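Take a look at this one; I'll ask things after.
Labels for the chains are A, B, C and D, by order of writing; each one numbers its residues from 1.
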Amino acid sequence: MLGHYLILSAILFSIGLFGALSRRNGVVILMSIELMLNAANLALVSFSKYLVSQPVSGQAFVLFILVVAAAEVTVALAIVMEIYRSHQTIDVTNVDLMKW
Amino acid sequence: MSGEVVYLVFALPILSFIIILAFLRPLFKGRPKVSSYLGIALTGISFVLSLLLLLGVYSGKDLAASPLLWLNLGNVDIKFGAIIDGLVAIMLVVVTFISLLVQIYSVGYMRGDPAYHRYFALVSLFTGSMVGLVMASNLFWLFAFWELVGLCSYLLIGFWFDRPAAANAAKKAFIVTRVGDFGLLGAVILLFTQTGTLDIGSLHILATSGALAGSVLSWATIGILMGAMGKSAQFPLHVWLPDAMEGPTPVSALIHAATMVAAGVFLIARMYPLFEYSPNLKIVAIVGGFTAIFAATMALVMNDIKKVLAYSTISQLGYMFLGLGMGGVSVGIFHLFNHAFFKALLFLGAGSVGHATNTFDMRQMGGLGKKMPWTFACFVIASLSLAGIYPLSGFWSKDEIISSASEEPVLFYMALVTVFFTAFYMFRVVFMTFSGSYRGEKEHLHESHKEMVIPMVILAVLSVFSGFFNLNGGFAHLLGETDVETMGIFEVLSHPAAIISLLVALLGIFLAYAVYKKQWLSAAGLTRVFYPFYTLFSKKYWIDTFYEDILVRRFLVNGVFEFFSLFDRYVIDGLVNGAAKAATGVFVFFNYFDHYVVDGLVNGIGGAAKSVGKSLRHLETGQLQLYGAFIVLGIVVIVMTIFIVEVLV
Amino acid sequence: MEIETILPELVLAAAATVSLFLSSRKALWLGVGGLTAAIVLVTLSWGEEISGGFLIRDNFSWFFNLIFLGSALLVLLASRLDLILREREYPALIIFSTIGMTLLSSSNDLVSIMLSLELTSIPLYVMAGLGRDKKSAEASLKYALLGILASAVLIFGMVFVFGFTGETALPKIAQAVSKAEVNPGLIAGLFLMIGGFGFKIAALPFHMWAPDVYEGAPTEVTTFLSTASKAAGLAVLVRILSAFEAPVWLDWGMVLAILSALGMTIGNLVAIHQTNIKRMLAYSGIAHTGYILIGVASLGMDGAALSNTIFYIVAFALSDMASFLSVIAISSNIGSDDIADYAGIARHSPLVALVISLGLISLAGIPLTAGFLAKLYIFTGALDSGLSWLVIVAIINTVISAYYYFKVIKVMWFDEPLKVNRVTVSFLLGLALLVSSAGILVMGIAPSLIMNALGQISLPF
Amino acid sequence: MSQAIAFWVFALLLVVSALGVVFMKNVFHSALALIAALLMMAGLFITLNAEFLAMAQIIIYVGAIAVIILLAIMLTPGLSSANRPNRLVLPMLLLCAVFGGVLVISFTRTAWQSLPAPTSMDTSTLAVEMFGENGFYPVLGIAGLLILATIVGVIAILRGK
């Protein structure tokens, strides 16, 4: 059963990664990264159910990942809104004033 | 008091140099004296500290300074440490004391010079580097300070660099001493590769235990001797020193008495165990004996008072080498010790005379004894001391050298003849300068400022008494020699060598008296009789001409320099251009690679509908998602490679 | 956990929180005071070792804490007054980030590493945007989105490690890892984490954000990013790697060596063609991360590698600090970051030109500066660990890098001046410049001063 | 058995809604899909005996994070512009597929050190783990500072010039 959960976690992580790397909309990128963090949570919880001697340290870890995710998404959302204010777009492919 | 004080002796002059250059020169433009006060104060403290060190060593205290670790490379530590023994303590006292007096004297002498700050900064640096050289416990540091001393003397000799003569003299000093330095560098490298250490103490132990012997030791001592000959102006590397008179006179005093030229003698004394166990100690004596008489002959005929003193220094340094080679460390260093005082005094006196008359040509002087009584008295005392007249300081050390040379008849007679010459040329100077009537043009001659006179008086007192230091063997004892023959202040006159050299010296003074004071013999007549010799001496044996015309101009300029410029033009430029082209090429390649291959790959995979060229135009970097892709790609490549290498295989 | 374990952090947190309620100037001074107090506290704690579960305060963390606090203090002193007046949260953000760094270098547990890494990064994402122009906003966006992505990758790496060892505490992880057999999960976990930290320290190929963010962010923030933030990433990387030292089949040393070679080469080659000085310094920083990774790569093999690496980090931080602070001084006067506009600056502002030249000379690794000895130590250490091929690459790179550093120096000292306005430097900025350039010289001339302290640092595992 | 059924249901819905997040044309719909995915995740947590986490997931993720995102999208009209792929979509797909493959290999080929039987757990063991002796509570301080820094940061950003 552990293997199922882990493979699901890997799939979820890859979907999130794909979203983060291929979507133009900044907010969608953020949401995709949330999916990646959720994949990590899933793997952690399943580890703590099936493997780990201290059963819940994985769950505690998850709680802190929730904090991190909340903090990250809040700040990043504010930054995306700021970008919209200055660039009139949240298409990240158009944010390329600086290059090479 | 702990031995670490020695680092303070070194640091204070360096600090003075830094403060003057960094703060006083920009901030106190209008009040130059601030620099001199700072230099004098810090050097004064240094002097007091070295005196304390000397007293400590003298009273037999075991002073040691733990080294400061400077650099640690793998297994090799390069340490900055200090040796504290009698030799170092004596040298520190001499260096800081002469430097202190020279700086006090310079307050008057350099008054009004536009580069006053720079002067005091350089003198401080000079002092500091010499202190560093003296105390260094490691040949690496000794060599570093050796070069720094050379650099400082270059800067000070060329202090008035707008005078071409000064600039040339500085260059000459730098280049000629560099010839010797190559020898020293070779020796240092040789010793390091053969023994793996540059610590002077360890080298001494290796030499005395016989672990270091044979051709290595022989070549190393030859190299060290070359270095010493360059710095201490021994034949044939003596040519820079007379020209070095172009610097300010107090600097000449410093160079001749305590810093630059003393470094060579000190180096041999420092590395004495190596010389003792090599066959080359005799060579030191021969070089010294020959240089002594050789330089004295040229001093006979010079008309410039500072040139006479310069050749006299070379000659006296020859004595020191002779003393080191025949007698031992204490004999050579004792002469260095005494010589420091009276030679500094002679230069300061010459400076005082020159300051008054605006010339150093003795033909433009005469009769100054009445106008400048203090200078006159001091100068005569120093001359008597230099001539080796009982019981002034020069007598004692010179007597030791001559009696130790008595084992080798040839060297002994050369030394005696040199005594005669020395007495003659010194009193030739005294009579030409101070007696008779004034022949120059400048009027209103008067005694110098008191800042200039006081150091001279102090030195005069020391020139009289410093020789008594070794009466009961105290000096030799300080340098670690145990079986010292003591000679009382009167018993010494029963010594035949002493009597002979004293008589020879008096004969020289008498001859000078006869020719230049009473004119019983005419100088012109003497010149005519000894015409071939006169020409030979006054042309300096054509050695300078030989170096400059034949070696430098014909051979170096036309041959070597031409070769170097060709080398420079074709090889170096070619290399540089080639490297630049290669670098550009790599970058261009990289750019192309990036532009066509990387972008092309990315597009080629993705651009099913679009043509590659069109995509290239649109696919720009600056895309944050591309950056993210590289993060992921990096991890994928690393992990997959490791999987393939470690897991799946 | 004893209260004195986190006393410096408490002081800093109090200063940051209170400063939010003060006027900008007072906030600045409170921040300076808090940082100074923390520096004093950390210095007094030198040599003590307090171990408290999630945090371990040993000499390693004390020393790195000094680097962070010192950088933060210098950056705060050097910040332009208009930035401080306009952004009153700025001192608090810098201090929050610094707290994150001090905790990060002391963390002994994956959870606290994750949290303090976020505490370090989030204020930096915000500060990158404080320039309040398009470039600055863009820098902030790129840094934030990529940073979050990298931390998601990092966290996933931690998940693997947790899954394999069942522990979050590093000592226990080290224990479990030392007994492990060849194992894909552990490999993936370690390198996912290296990817996350590699982002933080701008190591190739995780570096691509750096030039854009360095260029767009306010130079004060860039300075902080390139010194303190990079050092923080390296500190935690070294700590994590030392827990993974035991298994021979997990050859991260070779991977880091290859990344190092790539980073040096590409960083230097691209830096040559930069026209913006901040961008040039960004690529130079990528190259220097490569040099530092030489030391990190030889951690397992050479006993002196740790002190060599930290020496390099300090030397690089000081040199980069001197360069970037001078850039602040110059660009706030001439209003440009283009190297071409630096022409002849030495004519009318020789002191600032001197400081930046000193910084660049040290970055290039010329003797008598910190950078030279740092390179010397790292290279000799790598030779002892048998990484001679890497040393050859590094030496070639050093030669290449001299080209673009000296190009800037040449422009400043020998080109005809374009603009006549003199670069004026505020007292505090001047002080910061003086401290950093004095540091470069002192380290270059008397390295034993700092090397002796570094000798007392050891790895916990 | 019932766990297996629940897993498959939640897993399927999770993957579908995750794909929805990425591929929905309308950003607003993407956000709704995110909420769905987060709820599915909570369900999976329950199958893993992590009831407290499931609750936290709903309160924090759905109740806070997702709502913030929704609010931001609704209040800032520009943010809801269409969710289009960039030009690199196919290489990215390949890259992510390879990456996912690497993750799956790592997960499946690792010999996880399994324990004989899953110990019973409930919320009280989590509480002990958090607040008991050697618990995680000191780290809460860092988490608190993190939140504070975040708030300050957001204020600094949105206050504007």
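Heads up, the rule we're going with is that a residue touches a chain if its C-beta (ideal position, glycine included) is under 8 Å from a C-beta of that chain, and two chains touch if they have at least 3 such contacts.
Source: prediction; values computed, not measured.
Asks: Where are there more C-beta contacts: A-C or B-C?
Replies: So, comparing the two chain pairs, more contacts are at A-C.
Asks: Taking each chain's centre as the average of its Cα atoms, which chain lies closest to the overall Cα centroid?
Replies: Per-chain C-alpha centroids ranked by distance to the global centroid put C first.
Asks: Please tell me the distance, in whole Å, between the geometric centres of chain A and chain C computed from their C-alpha atoms.
Replies: 26
Asks: Please tell me the distance, in whole Å, between the geometric centres of chain B and chain C computed from their C-alpha atoms.
Replies: So the centroids are 46 Å from each other.
Asks: Can you check how far apart chain B and chain D are, centre to centre, with Cα atoms defining each centre and the answer in Å?
Replies: One centre to the other, that is 77 Å.
Asks: With centres defined as the mean C-alpha position, give me the chain C-chain D separation in Å.
Replies: Chain C and chain D have C-alpha centres separated by 31 Å.
Asks: Where does chain D touch two or more other chains at once, residue-wise?
Replies: In chain D, the residues touching two or more other chains are 86-89, 92, 95-96, 99, 102-103, 105-107, 109, 112-113, 136, 139, 143, 146, 149-150, 153-154, 157, 160.
Asks: Residues of chain C touching 2+ other chains?
Replies: Each of 111, 115, 118, 122, 125-126, 129, 140-142, 145, 149, 153, 156, 163, 166, 183-184, 187-188, 212 in chain C touches at least two other chains.
Asks: Which chain A residues reach two or more other chains?
Replies: In chain A, 13, 16-17, 20-22, 26, 29-30, 47, 51-54, 57, 60, 64, 67-68, 71, 75, 79-80, 82, 85, 92-93, 95-99 touch at least two other chains.
Asks: Which category does the touching pattern between chains fall into here: line, ring, star, complete, or other?
Replies: complete
Asks: Show which residues of chain B lie in contact with chain A when the two form their complex.
Replies: 620-625, 628-629, 632
Asks: Sort out for me which residues of chain A touch chain B in the complex.
Replies: Its residues touching chain B are 17, 20-22, 29, 92-93, 95-100.
Asks: Within their complex, state which residues of chain C touch chain A.
Replies: Touch residues, chain C against chain A: 110-111, 114-115, 118, 122, 125-126, 129, 133-135, 137-142, 144-145, 148-149, 151-153, 155-156, 158-159, 162-163, 166-168, 211-212, 215-216, 279.
Asks: Note which residues of chain C are touching chain D in the complex, please.
Replies: Residue positions touching the partner: 1, 6, 13, 17, 20, 52-55, 86-87, 89-90, 92-93, 96-97, 99-100, 103, 109, 111-112, 115-116, 118-119, 122-123, 125-126, 129-130, 132, 140, 156, 160, 163-164, 166, 181, 183-189.
Asks: Which residues, counting only chain A, touch chain D once they are in their complex?
Replies: Checking each residue of chain A against chain D gives 1-19, 21-28, 30-32, 34-35, 38, 41-42, 45-57, 59-60, 62-64, 66-71, 73-75, 77-82, 84-85, 88-93.
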